[in-house]
């Protein structure tokens, strides 16, 4: 008789951002996986906001992250003539930058560890100027 | 004896678009989840086309959606000198806009509900001028 | 008594790239699914690098792929004034192009086949000039 032990575990944590920029959350996600005890499957990371987003990035070179951040400042400038600006000049650019990056990311899980490459990390990409609490959902499916 | 009740359910629906723009599909996806009875897991939404895409968006401010749409009109203009234009000036921009946004999105499911933030919704982003039927696949994995 | 047969299977393969461009990997991913025997679920494709990425694309028109590649050459040019250029002029653009595209993609699986639309295929998007071995992880969850 076959009995499989697949299961799902949901976890949540919050990140305090201090204005625009990229904030690595790899360790926080891995801690939730460790707690779950799931060894083999997929972890889905999801950010519950439309004015920040997720991105994978080089985790060793801060200069590379600053270049990414500057690129988005130029591609989606604050000074453009947006129709929607209820919350100030960084309001509409935050939504567009979110659309151009990611809200969910799915990462393979083997022997309890996310299978990142050597330089890969997962980051919260904050697009607002003011500090925010950002809510991240971690769903672990596996055995 | 442990017996787990993890399962997978596949659902499909179609959206009728009336030219370029964003069309919210949150309710259609949630209806498929309700039908499945799955309470806890992940739902993967997938669009079966290369000339439209998916995006998360602010669901309360139509002006914000119009700004996103205008941004893509400028970033990937119809008038550029594309090699591939078999189906008209909106053909190649539609593929590039798809590449810059998303084909699949994965959303956590808790107590039978997608765990969106207050202002989050999921949208089909139509990149073609003519009306189209667009096919969305919903895969629900959970217990 | 209900006993479900959900399971997870992890597979890996490598792609040899010959410089910048898009390389279709649909057949390689499907071969791993065939080997797994899983019929119904989701396959998550994940690329273990930050200087290449994944994208869905039109798989029938090479001209469309060349237009996408040219678009990214213009949007994220090699000649820009990047702070991070340790590995040459294509170093920083490779990371930004990755951020603008995808690291993971999730595709529904029905009757053992990925549920792509007629013209959909999945591609590795190489952003570096030199040839590289690129590692792709395929996680199949289903029954």
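When the chains are written out, they are named A, B and C in that same order, and each has its own residue count from 1.
Definition applied: contacts are C-beta pairs under 8 Å (C-beta built on N, C-alpha and C of every residue); 3 or more make two chains touch, one makes a residue touch a chain.
Just so it is clear, the model here is predicted, and its values are computed rather than measured.
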{"item": "C-alpha-based rotation, chain B on chain C, 0 to 180 degrees, nearest 5", "value": "120"}
{"item": "Same vs different contact residues, chain A with chain C, by half of numbers used", "value": "different"}
{"item": "Length of the line joining the C-alpha centres of chain A and chain C, rounded to whole Å", "value": "19"}
{"item": "Chain C, residues touching no fewer than two other chains", "value": "3-4, 6, 75, 100, 102, 106, 141"}
{"item": "Residues on chain C engaged by chain B in the complex (per definition of touch)", "value": "1-4, 6, 40-42, 55-58, 61, 63-64, 66-68, 70-71, 75, 100-102, 105-108, 110, 115-117, 119-120, 141-143"}
{"item": "Residues of chain A that touch chain B when the two form their complex", "value": "3-8, 10, 44, 46, 48-50, 75-76, 82-84, 86, 92, 95-96, 98-100, 102-104, 106, 135, 137, 139, 141"}
